Amino acid sequence: MKLIVAIIRPDKLSDVLRALYQSEVRGLTVTRVNGHGGETEHVETYRGTTVQMGFSEKVRLEIGVSDEFVDIAVGAILASARTGEVGDGKIFVVPVEKVYRIRTGEEDRAAVTPLVPSDLFGN
Amino acid sequence: MKLIVAIIRPDKLSDVLRALYQSEVRGLTVTRVNGHGGETEHVETYRGTTVQMGFSEKVRLEIGVSDEFVDIAVGAILASARTGEVGDGKIFVVPVEKVYRIRTGEEDRAAVTPLVPSDLFGN
Amino acid sequence: MKLIVAIIRPDKLSDVLRALYQSEVRGLTVTRVNGHGGETEHVETYRGTTVQMGFSEKVRLEIGVSDEFVDIAVGAILASARTGEVGDGKIFVVPVEKVYRIRTGEEDRAAVTPLVPSDLFGN
Amino acid sequence: MPLPDPSGTLSAADTTLMLISTALVVLMTPALAFFYGGLVRSKNALNTMMMSFISLGFVGVAWIAIGYSLAFAPGNGVVGGLTSLGLAGVGLDVPDGSTIPSLLFAVFQGTFVIITAALISGAIVERMRFGPYLTFITLWSILVYAPVAHWVWGGGWLGGDFAALDFAGGTVVHINAAAAAVVAAIYLGPRRDYGKQALLPHNVPFVLLGAGLLWFGWFGFNGGSALAANESAVLAFANTFVAPSAALVAWALLETLRNGKVTAVGGATAIVVGLVAVTPAAGFVSPLAAMAIGAAGSVASYFVILWRARTRLDDSLDVMAAHGIGGLVGAILVGVFAQAVWGGSSGLVDGNPRQVLVQLIGIVATAGYSAVATFILLKLINAVSPVRAAARAEGVGLDVALHSEEAYSHGEGAILLTERDFVPGVAVSVSPQLSSTGASA
Amino acid sequence: MPLPDPSGTLSAADTTLMLISTALVVLMTPALAFFYGGLVRSKNALNTMMMSFISLGFVGVAWIAIGYSLAFAPGNGVVGGLTSLGLAGVGLDVPDGSTIPSLLFAVFQGTFVIITAALISGAIVERMRFGPYLTFITLWSILVYAPVAHWVWGGGWLGGDFAALDFAGGTVVHINAAAAAVVAAIYLGPRRDYGKQALLPHNVPFVLLGAGLLWFGWFGFNGGSALAANESAVLAFANTFVAPSAALVAWALLETLRNGKVTAVGGATAIVVGLVAVTPAAGFVSPLAAMAIGAAGSVASYFVILWRARTRLDDSLDVMAAHGIGGLVGAILVGVFAQAVWGGSSGLVDGNPRQVLVQLIGIVATAGYSAVATFILLKLINAVSPVRAAARAEGVGLDVALHSEEAYSHGEGAILLTERDFVPGVAVSVSPQLSSTGASA
Amino acid sequence: MPLPDPSGTLSAADTTLMLISTALVVLMTPALAFFYGGLVRSKNALNTMMMSFISLGFVGVAWIAIGYSLAFAPGNGVVGGLTSLGLAGVGLDVPDGSTIPSLLFAVFQGTFVIITAALISGAIVERMRFGPYLTFITLWSILVYAPVAHWVWGGGWLGGDFAALDFAGGTVVHINAAAAAVVAAIYLGPRRDYGKQALLPHNVPFVLLGAGLLWFGWFGFNGGSALAANESAVLAFANTFVAPSAALVAWALLETLRNGKVTAVGGATAIVVGLVAVTPAAGFVSPLAAMAIGAAGSVASYFVILWRARTRLDDSLDVMAAHGIGGLVGAILVGVFAQAVWGGSSGLVDGNPRQVLVQLIGIVATAGYSAVATFILLKLINAVSPVRAAARAEGVGLDVALHSEEAYSHGEGAILLTERDFVPGVAVSVSPQLSSTGASA
C-alpha cells in the first residue's frame, strides 16, 4: 500500500481528476495549500505597505492506492497536471503500513478497492 | 513511531476526539479537507449554470504515536467515526523515522509523550 | 528521500522560512491546520452558549528533501520555531519512496533539487 | 385607521418623511437576513437569509392582495372588511384627516408585515423545509398579523376607547412574532444536534452589519409611525436613537460584571433589544424614559437568553428572548412612562395605573391568539407536506439540500454540466467523468 | 428638461425628497459592486467591485465636466449644448417651473449615469484590463449616455411631442447599458475557462446584500424621478415596492415548478429584474399593473438566462437578461398599462395603441445607438491599449494581476518589503530572504 | 448655537431633512466599523468593529447625560454650561430662529460625537484593552469633543465674530480625532509585530462596504449641517457628491502614475479622504472648488500615508493621514475658496486673506488641545488599569483574548459546555473530556 501525495495547480484539478478516473483510480482527498518553490513571486500593495507574496495557491491530493496502482496513478497525474511552466508541483510516494475503511473495518487492499456500483445504489 | 492519518466526517470529529482522549492518545492536528469517494454527489444550480459537486467536506486527522499506541488509536477511531453509510472515510498508518518536539528538542517517544498535568499548570 | 512534516505556530512561519532559506532548503508546501496538544484551551461565549475551544491555529509545513538535507532542515526548524512555551509543535520525518517533479518528470533528487537561477529567469 | 373620505390635502413634507420611512423599513428585512444569517452555521447561511428575503415576495404580495384589507378596511372590532382586496380604492387621494395618500399608508404598513413574518424564522432556522415555511409565513401574515394589526391600529377592539398604547408595533410586531416563534420552535422540535454540538455563528461581522442596518431602518419604522413630520416623529426618532444606546451600555456592563468581557454578538443583540423595547413607546415617552426602557429590556433579555440556552427550547436565535421579552418590557413600560406632555395618553407616572392593565390585556390577547393560530397553521401545513427537514438535509446543511447552492464556494471539484449531461433526478448516473467515479468508487 | 429661467421658488419638501433620493442613488453603485462582486470568483472579487466603484470617480467627474451639458443644456433634438460645461450656470437658483435648485437636478442626474456605466461591467468581468475599462466607461458616459438622456429627458426627439414614456430610465439606463454590455461581451470574447470550468459565485451573501441595498437605493432612483414630493413620487415608491415583490414570487414559483428549489442567487436576481422592469413605468401605472410588469419581467429574464448560459455569449453576470430583457418588458408594458388616471399619458389599456409603437421606437433607437457606439469605442481603445487581460492575469486572477491586492488575505508567507528592499519592477531580485529563494529554487 | 427661546415654528420639511440626516449619521458608525474592521487581521476583526459599535452606546449616553450641555448649553467662550444635563429643557419646542425642535438638534449633534470618538480607534487597533478604550472615548467625548464643539458651534470663541469656518466638522470632528489618534498611537506604542510582519487587510470587500456606507451617511452629516432644507443643504449635498468623486479620480491617477495599478484599498481611502476634506467647506464653496478640495486632500493624504508607513508611528489605519491631513487641507482651503455667493463668508478668493489665518488658528487650537488632553487622559486611565493588551493577547488576537469570540467560526473542536461543566476562571480543569486532554497532554 502506498500513499501518493501530489501538489498541483488548482486550475489543473479538473483535468487530474478526469485522468485519475480514466485510470480507474477511485477515492482521494484534497486540501487547499500554499506552495513555495521556483514560481515568480508577486508584490502586493496595501496603502503604504508593500509585501512580497512568497506563496502560490496549490491543491494537495492524497491518494491511497494498492501497489499495482502506484505507477498508473503517478502516470495519470504527471500527464494531466503538466503545463511545462515552473510551479507545476511535485508528487511524493509514501509507504503505508496499513489502511482501514472506517465504514466496514476492511483493511488494506479491500479498504481502497472501489465499491461496485450496485453497492452504491443500494444506499 | 507511526503517523496515523485519518479522514473522517466533520460531524464525527467530537466523537472521535472523545474516543481518542479516553484511549489516552494525546496531541493531534486536524485539517479541513474535501474528499471524493463513493458518496452520492449533489447538483448545484447558479442561475443558468448547473454543476455537479464531486467532493464532500471531511476532516483529516494526523496523529503521531509511538508503536504501542497504533492499534489503540486506530481502534478508537474505527469505533467512534463509523456511521455505516458510504463516506465514513479511511485510516492510513504511515511509518515515521523520527519525531521531534520543537519546544524541547526531545525526540521520538519523548516527543509525543504527554506532559504531566503539573507541567501544564506551571505555564 | 524524506518528507519532513512540521507543525509550527503561525507567527513563527516567517522565521522558519528564513531559516530554511538560509539552510539552502528550497521548496515547500504549507497548510493552515488546527492543533490540539498541551496548549491552554480558551472558552468562547456566544449569547447563552459557552464552548471550550480545544484547538489552536497552527501551520503545517511539508518539505520533500534528499537524505543529506534532513538534519539541516530539521535543525533549521527546531532553531527557528522554538518559543519555549507549550504549543511550539512537532516535526515528523517520513520516508519517501519516490519523488517526481511534475513539470519535467524528473525523479527523486533531481525533483527536489533547486533550479539554478538562470532557469528561472529564462521563464 | 380606516381612511375613507378623500378630502385631505397632501403634505409634501409628511409625504417625504413617509416615503423615506417606507424605504427604510424595506431595508430592515435584508438587514434581518444578515443579523440572522451571520448567527447560523455557514452550511445554513443562505437558507436562513432566504427565510427573510422570501418574505419580501410572498408576504408582500399577500398584503397587497388580502392582508391590507383585513387590517385596515372598515370591518368590525375583530377584523377588517374585504372592500380593499387588491388595494381596491386605495390610491393617490388623501383621506380626510390624513396628509398622505392612502396608497402610501398601505405600502408603509406592508413593510411592517414583511419584517414581522420574517422575524419568526429566527426560532426555526437550520431545520425547516422551505416550501412549508413559505406557506406558513404567507398564511400567518393574512390570518394572524392582519387581524392583530386591525385590533390595535385598524379600528379594532384594542385601539379606540380601550386605548392600548402601541406606537410602532411592540405588540403587533414583536410580541406577535415572538409568540409564533416559540410555538414554531416547539412544534418543529430542536435541531438534531442541539445541545450536543456547539452551534456557533459563522460570521459575526454579518451579525453586526445586520444590527447596524436594522438600527438605521428602525428610524423609519418608529419615526414613520407618526405618519407625519411633526413633534411626534421627532420624539420617535430621538427615542430610537437613545434607547438602543442605553440598551448597549446596560448589556456591556452586565457582560463585564459577569464575564469581564463585552462580546460583539451581545452588543448586536443589545441594539436590537433596545430597538424592540422602545418600539411601542417611541412617540409617547420622554427620552430619559426611553433610555430606561431600553436598558430594562436589555437586562431582561440578557437573563432570559442565558436561561433559554440551558433548556431544550431550541428558539435558535432567541426570538422569544429578544423580541418577546423586549417587546413585553416595552409594552408594559409604555403604560408606566407615557406622558401626555410627550404626546402619549397618560400612563402610570401621570397617575393612570389603568394603562398598565390595558397594556397587559393587549399583550395577552396578542400572544394568545398568535400562539394558538400558529399551532393550528403548522399542524395543517404539516398534514399536507412535512415541515421538518430530513435528517440528511440537516446534516449536509439546508443550503445544499434545499436550495442547491453554497454560500461560499471555491468551485473546486465542481463539474460543469452541459445540457447533454444533465438529467434532473438521475444526476448520479449521467456525468461522464467524475460522477461515474462516484457511482463506482 | 433644460432649466433656464431662475424664477422658481424652492420647495423645502421637494428639495428634501430630492436630496435623500440623490444619496440613495449614490448608494446603488456600491450596492451593485456587491451584487456583482459576490457573483464572481474570489480571485476577481476586488476587480469586479472596483469596476463599479471607479465609476463613482471618473464617470462622476465626466458628468460634471461635460456629460450634464450634453444631456441637459439647450441643444438640438439629438444632443444638448455646451453651455453648461463644468456646471457653468448651474447653481442654487430654482428654474422656472421647477421647485428645486438646478444644481440639485444636475447631481441627481449624475448619480444615474454613474450606475448606468457600472452596470455594463457585469458582462465583462474577470477578463478586462482596468485602464481600458476605465477609459471606456468614461467616454461611454459622455458619448452614449448623455445624448440618449438628452433624447428622452433633455428635450430631445424621443421626449416632447413624440412622448416615449420612460419614468426613471428603463430605456436610458437599462436598455442602454444592456446593449453596450452585449457588444462588450462579444468584443472581448468569453473568459478563457468559460464553458469548461464551473465558474461559481464566491459569496452569495454579498449578492443578497447587493440586491437588498439596490432595492433600498432604487426608491430614490424611481421615487426621485418625480422630482417633487407629490402623488407621482408616491406612486413611484409604491410601485418600486410591489413590482420586485411580484417578481420575486414569480421567480420562486418558476424555480419550484422546474427544479423544486428556490435559490438565493435566483431570488436576488428576481428582485433586481423586478426593479428594472418597473423603472420606466413607476409613475405611470397602477400598483397592480406594476406587479404584472414585475412578474412578466421576472419570467422573461428567467428563461433568457437559462438560454444564455447554454450559448457561447459570456455575458457573465447576465446584464442582457436582467437589464436588457427586464428593461424591454418594462418599456413595452408601460406603453400598455400607462393610464392618465395614474399620472401617465394613456397607453394601450387606455385606448392608445400608438404608445406601444412609440415605446418600441425608443427601445430600438437606444439599443441600436448604444451598440454601435460601444463597438466603435472599444475598437478605438483597443487600438491604443489592449482591452483584454493576458491569459496569465486571467489565470492568477485580476485582483493580484491588475490591482496587486487580494480580497481576503491571511498574510501568511507575505514578506514585508522595506524601502531598501523594494525596487519596483525588479521585485524578484531584491528581497533579501525569501524572494531570492524564489530566484534560485 | 444655544437655542433658548421656544418661539420658533416647526418646519415639517426641515424637520424631515434633519430626521433622515440623523439616521444617516447613525449609520456612519457601523460603516466605520466595516471600513476599519476589514483593514485589520481576522483575529482582531471583532475587536476593531466593536471599538466603533461601542461608541454608539457609551458615547451616546455620555452625550445625553453631559456632553450636549457642555457643548451647547449657554456658557462662556470656552465651554457650555450645565443647564442641559440629561437633556433638561431640551424638548419638542422649536427655539426662536430655528425651525426644528431642540431635541432633534441635540440628537443630530449626538450622532457626530459618536463617530468622532470612534474615528480615533483606527490608530490603536489590534493592541488596546477594551475597558480602558471604552473609558477613554467616553471621557474624551465629554472633556475634549464637547468643549471643542462649543468653541466652534456652541457660541464659543472660534465661532461668532472670530468666524472660523467649519461647515460640518473638519476641525471639530476630523482634526480633533486625528490629533487624539496620533497621541494615542504614540502613547500605546506600535503593535508588537509592526514593521516585522506584513499586517494585511483580512477583508477588502468590507473596506469597500464601509466606504460606500460612509459616503451614503455623509450626505446626512454634511447636508444635515445646514439644519434646514434650503440652498445651503443642496450645496452641501452636491459638494458631498462631487468632492469624493474628484478625490477618487486624483488617487487613481496618482496610483497609476506611480505603480501602474489602481487599488481597492486606495480607492476606498480616497473616497473617505474626499469626504473628510470637503466637510468643513461643504456649504461654503462652489462645486468646482469642492472638487479641487477633494482632489487636493487626496494627493496630500496619499503621500502622507506613504511616508507614515515607513516610520515607527503605528497609526495603524492612518487616521492622521486620512482625517488629519484631509481635514487640514479642507479647513485651510475653505478659507481660500469660501464665497459669499455660495453661502459662505468671504475667503481668500473673495479677497479676504484673513480667513486663512483664522482657519489656521482654529486648527492649531483644536489639535493642540485635543493632543494634550488625550495624553493626560490616557495617562490617568493607564494608572488605573493598563491600556495596552498583553503580548499573549496580541498574539492570539484580541477577539478571542478580549471578547471570547471569533469573527468567523467553523465550530470544529468546539466543546459545548453545559452548566455543570462550566466554572468560570478554572475552565481548564473542568470540561470532562477534551479539556482534561488539554490538562495532561
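Labels A, B, C, D, E and F are assigned to the chains in the order they are written; within every chain, residues are numbered from 1.
Simple rule for what comes next: a residue touches a chain if its C-beta (ideal position, glycine included) is under 8 Å from a C-beta of that chain, and two chains touch if they have at least 3 such contacts.
None of these values were measured; they are calculated from a predicted model.
Undergrad: What is the shortest path, in steps, from chain A to chain C when you may only step between chains that touch?
TA: Shortest path length, in steps: 1.
Undergrad: Between C-F and A-F, which chain pair is linked by more C-beta pairs in contact?
TA: Counting C-beta pairs in contact for C-F and A-F gives the edge to C-F.
Undergrad: Roughly how far is chain D from chain E, going centre to centre by Cα mean, in whole Å?
TA: Here the centre of chain E sits 32 Å away from the centre of chain D.
Undergrad: Please report how many Å separate the Cα centroid of chain B from that of chain D, as a whole number.
TA: Using C-alpha averages as centres, the distance is 43 Å.
Undergrad: State, to the nearest whole Å, the distance from the C-alpha centre of chain B to the C-alpha centre of chain F.
TA: About 48 Å separates the centre of chain B from that of chain F.
Undergrad: In whole angstrom, what separates the CA-based centres of chain B and chain C?
TA: That pair's centroid distance is 18 Å.
Undergrad: Spell out, as numbers or ranges, the residues of chain F touching 2 or more other chains.
TA: Touching at least two other chains: 11-13, 16, 20, 24, 196-201, 203, 209, 259, 261, 263, 265, 310, 404-406, 409-410, 412-416, 424, 428, 434, 437-438, 440-441.
Undergrad: Which residue numbers or ranges of chain B touch two or more of the other chains?
TA: Chain B, residues with two or more chain partners: 14, 17, 26-27, 30-32, 34, 36-38, 40, 44-46, 49, 51, 54-55, 94-95, 114-115, 120.
Undergrad: Help me check something: in the complex, which residues belonging to chain E touch chain F?
TA: Checking each residue of chain E against chain F gives 10-13, 15-16, 19-20, 22-24, 26-27, 29-31, 33-34, 37, 45-46, 49-50, 53-54, 56-58, 60-61, 64, 86-87, 92, 100-101, 103-104, 106-107, 110-111, 130-131, 134, 203, 206, 209, 402-411, 414-416, 418-419, 424.
Undergrad: Which residues of chain E touch chain B in the complex?
TA: It is residues 198-201, 259, 261, 263, 265-266, 269, 305-310, 318 of chain E that touch chain B.
Undergrad: For a test of understanding, state which residues of chain D touch chain B in their complex under the given definition.
TA: 193, 196-197, 395-396, 400, 404-406, 409, 412-417, 421-422, 424, 427-428, 431, 434-435, 437-438, 440-441
Undergrad: Show me the residue ranges of chain B that touch chain A in the complex, using the header's touch definition.
TA: 2, 5-8, 31-38, 40, 54-55, 58, 60, 74, 77-78, 81-95
Undergrad: Show me the residue ranges of chain C that touch chain D in the complex, using the header's touch definition.
TA: Listed in rising order, the residues of chain C that touch chain D are 44-49, 51.
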